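What follows is chain A paired twice: with chain B in the first complex and chain C in the second.
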Partner chain A sequence: MLLLQLFIDGMASGALYALTAVGFAIIYNGTRILHMAHGAVFTAGGYALYIAVKLLNLPIAVAVVVALASAAAFGVLIDLLVYRPLRARKSSEAALFIGSIGALTLCQAVFALIFTTDTLYLRQGPLPIYDFGEISITIMHIIAAGIVIVVFPILHLFLTLTKYGRAIRALADNPKLSVVRGVNVERLYMLIFAIGSLLAGFAVSLIAYDLGVRPEMGFPVMFVSLVAVIVGGVGYLPGAAAGAFLLGLLQNLSLWQLSGRWQDVVVFGALLIFLIFRPAGLFGHMLSTRRV
Partner chain B sequence: MQTMNSNRLRIIFAAASLVFTTVLSQAQEPIKIGVAMPTGGQNGEYVKRSFVAPTEFAAREINAAGGILGRQVKVTVEDTRFDGAGAVAALTKLINVDKIMAVFTAFTPLTLPQLPVAEENKVIVVAGAMEHPDLTKSRWAVRMTPTAEKAGPVIADAANKLGMKTAVILSEENEAIRISVRSFAAAFEKLGGKIVGDETFKTQDTEMRGQLTKLRAARPDAIYVIASQGRIMGLALKQISEAQLRQKHIFSNHLVEDREIKAIGGGISEGVIYTTLNIDPAFAARFKAGMGYDPDANAAKNYDATMLLFEAIKRAGTDDSTKVRDTIYSFGPYKGTVGDFKFEGSGEPIIAPILKVIKGGEFVDYKP
Partner chain C sequence: MEYFQHLLIMVLIYACLTVSLDLNIGHAGILSFGHASFYGIGAYTTAILTVYAGLDWFSAMVLAFATGAIIAALIGLPTLRLGGDYFILALFGFSLIVTSLIINMEWLTNGPFGIRGVPRPSIGPYQVQSGYGMLGFIAIMTAFIFFVHWRFASSPMKAALHAVRDDESVAMSLGINVVRTKITVFALGGGFAALCGAMGAFYFRFVSADSYGLQTIILLWAMLFVGGNCSLLGAFVGPAVLMLFPEMFRFIGGQGWDIGHIQEALYGLLLILLMMFRPQGLVGNKVGLRT
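So, the complex of A and B:
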């Protein structure tokens, strides 16, 4: 029973990681920017939710829409203010990476100045729990699973069936060819940032509602997303989701035989094993080019 | 003759002016103390409220009453960030630039690396709420709280008297806290109890559900949850409630009084039995009037630590750090806002924790 409960906990953690990891991966695959400021986008979505719920007293469903829109807008804003000027100067990928770390750090400091470093809570008390015999599931577990089940197929359909989705995939496959064929790359970048950030918005809405909002809450999530992308296979979108679920499961199932203090050892041990023995990740071997 | 007298008078007047000016400038030179703590970062607001503000509040009170030895107290605050190197850099700056005679610090991973620097520069380290036993091995340190190993036996005794046969532990990865945990486990097992689970979380963690799932499987009578900061304590209590451990009692430390627990709400701390020190209601009211919020145990300890330093400067008649340090170490009884301390030859106070319980959201004395 313990193992089953840990498996469910792991899948729930994995679902939350997957939303941010797929958002991160879609941006990386489409733009080749290692977008560490995705963590700041995540946090911005959390504060937007807090403002909508606690200050504007909006119903929670409306507040979540505000949070999603804010996260998407914030992601686009970072592209416009940070990455686009760097691209215009033909900056290297390393410069874009440094720019993204700068944006993350700056945003965390600004959030702390505006909202203080205190945790801001959206709700009071424990979450509602559903018991199935010896197994307990929180409402957040159920909602996270529901979002993943609904959102990922929609994303897949968007990327494979729509004009813009196909354009994004083409850009990821061959950016130079996209430019030659007259695709408005800058506009497409905005769309990519909006979609990736929107996914982070889903994750932060759940986490903020459960655990509150803090200025630096995006950094650990960002870090896990990066690991998930590497484990899943850089360049392959479903790989990021698979990597995220694998990490969630590893973190929780390791508790079956090990103490909680070994969780990081297990996660980063797995990362090292993948880097050494399977550098392309779980699914990276399936690619000859990157795909969204 | 008249010219000679006039010149002599001028010389005497000039000398007197010089002496007067020197004395005056010395009298006006403030007594300089520093605060080197992590005021930024994820727990910055908590540190400011419970660690920095009480020292500033005490300095404000003493300055309003005319200062110490006719001199005002100047408090300089430096952010250490939450790492040892940052803590050492902040202290070095306070010593070299601000010329402090004493520094207020907090948290084991930050204070222990600061000790050699403080010793070398003869600066008194005042770590009001730090519980790690090694602190007072330094001949330049002082604290105002019982050490970590004193809380465990008090909790174990209470658990035993309540008939708890098995217990699990959920604690933060922190040296001082692990000392508390070990002392609890040893005392509990000595009394015939059994520890059936022991899990940890990191200071920056937000999720402990996996650990709690494992602890739940051990079906304990009691859980001892212990953390160093209110935010993480609040999340632990919330997730204990969600994990449905079905324990009969929760035991903890004074962090359950933190306002973050009230902010999370939902009665997550109701019935928790915990170790703390009693805060003098008159001080609590005065502090609230001045600062706008209730002081917790750490705030009261830091206020006491600041006032002890000021009393020692008065008693020593100087702010010379060696003489002030010696005065503290031989202070004898000191009546603080969290109880009666006694210093006999070191910076280690003689004081024992008491037990309280949360009833109806209030912190009341625990009566078995």
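So, the complex of A and C:
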């Protein structure tokens, strides 16, 4: 029974990782930027939710919309203020990565200066829990599952059926050819950052409401998501989601035998094993990745 | 005076770390996002060997260098074949594992409490004390590390390294064993970072896991790119600017300023602006890694 409970918990955290990971993967596939500041975007969404709920006293549904919009806007802002000037001077990938690290450090520090390093809570008291025998499911588990079931099919339809969705996939597949075919890359980048950040916004709304907001909350989630992208296979979005669920399960199921303090070792051990033995990831054979 | 001695010692230790990172990033193009771990491994090796095993300082320091180099070679062996982004991630994963192991292996590392009471070095009957003695010791070590780096950077190996950094395929076609070259230089970088760890352990007489995490990694990268990669002068300028710049806040800042976070925000801003307006660093030249 404990295993089943851990499995359910694992699927729930996997769902949250999947949202962040697919968001990261859309950005990474399209722009080839190792977007470490995705963690800052995540945190920004959390603080937006806090401001909307606690300071503006908005109803939770409106507050979540505010948080989603803020996350998307924050992601686009980072692209405009940091990555676009670097692209304009034809910076190398190393420079973009350093710029991204700079943006992450700057944002985390500014959040800490504005909101202090304390955890800010959005709710009091326990959440509704549904007991089935020895298994208990919280409302957060159900919402996480619901978001994933609704959001991913919509994303899939957007990417396959609409003009802009197809442009995003074309850009990820072959940037030079997309430019030749008349894709406005800079404008498309804004859309890519908006969508990727929006997905992180969904995840952070749940986590912030459940566990509160801290300045450095984004980094570990972003990093596990990044690992999920690698484990799933770069370039293939369902792979990123699968990798995220795998890591969520691994983190929680490892609690069966190991104490929680070994979770870092489990997750990053999995990363190292994948990188050494199967750098293309779980679904790497589905496409030829350009840079392994 | 003691305060300035402390600042100077810190600048020198970080200059050594920067130069060891430069060996990887600047000369070989190996974006080592786990360099702080080798620093930590060196510090812990020194502390464990001197405090628990009762070894003398010199053997401990040599063994710290060896441990850092061997672990770097072992971790580099599988990961250095990976492409750029994958390598960055692998190394950061490695550094998180190292931090986690240090905290969790209490029987060896005393867990989150760290190890206290690392002895000061002694030469014959002369015991190095704090203050000028320690400054002298660190200065001699710095001179040694910079000398080795300078010799290395003027050896034929440098041409091979730069070829590997600039274009692996071309380097391969010229008969350079790319992976072996990278592993050698990565092991050297790891060894020197571990040596810096030993210097730090002798100075602070205390090691603890939280000094070798993400913040230190970002600080080291900032120091390297502020000074400019592939430049011995830059390896001094970067740490000097980043260590001394925050000290200004002690004079202009008021009470209740959150200096730590203001400092971090400035580091972040500085990294972004540098990449935009002066990617070669303050005193760097254009032979280094192209950013």
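As a convention for this text, the second predicted complex is superposed on the first by the 288 of 292 C-alpha atoms of A that agree within 3 Å, B and C clash if a C-alpha of one lies under 4 Å from a C-alpha of the other, contacts with A are read in each partner's own complex, and residues count from 1 in each chain.
Convention: contacts are C-beta pairs under 8 Å (C-beta built on N, C-alpha and C of every residue); 3 or more make two chains touch, one makes a residue touch a chain.
Note that the structure is predicted; figures quoted are calculated from it, not measured.
Looking at the shared chain after the overlay, A:261 reaches both chain B and chain C. When the two complexes are overlaid on their common chain A, residue A:9 makes contact with chain B while staying clear of chain C. Once chain A of one complex is fitted onto chain A of the other, the partner contacts of A:1 are limited to chain B, with no touch recorded for chain C.
By the touch criterion defined above, A:112 reaches both chain B and chain C.
Contact with chain B, but none with chain C, is seen for A:136 once the two complexes are overlaid on the shared chain.
Of the two partner chains placed by superposition, only chain B is touched by A:121; chain C is not. When the two complexes are laid over each other on chain A, chain A has residues 112, 261 in contact with both chain B and chain C.
Interface residues of chain C, counted against chain A in their complex, comprise 31, 78-79, 82-86, 88-90, 92-94, 96-97, 99-101, 103-104, 214, 218, 221, 225, 258, 261-265, 267-272, 275-276, 279, 289-291.
On chain A, the positions that touch chain C within their shared complex are 34, 82, 85-86, 89, 91-99, 101-110, 112-113, 219, 223, 226-227, 230, 261-262, 264-265, 268-269, 271-272, 275-276, 279, 291-292. Of all the residues in chain B, the ones that touch chain A in their complex are 40-46, 173, 198-201, 204, 206-211, 213-214, 217, 231, 235, 238-239, 241-244, 260, 263-268. Chain contact summary for the complex, chain A toward chain B: residues 1-2, 5-6, 9-10, 13, 112, 116-119, 121, 124-127, 129, 131, 136, 138, 207, 211-212, 214-217, 220, 251-252, 255-256, 259-261, 263.
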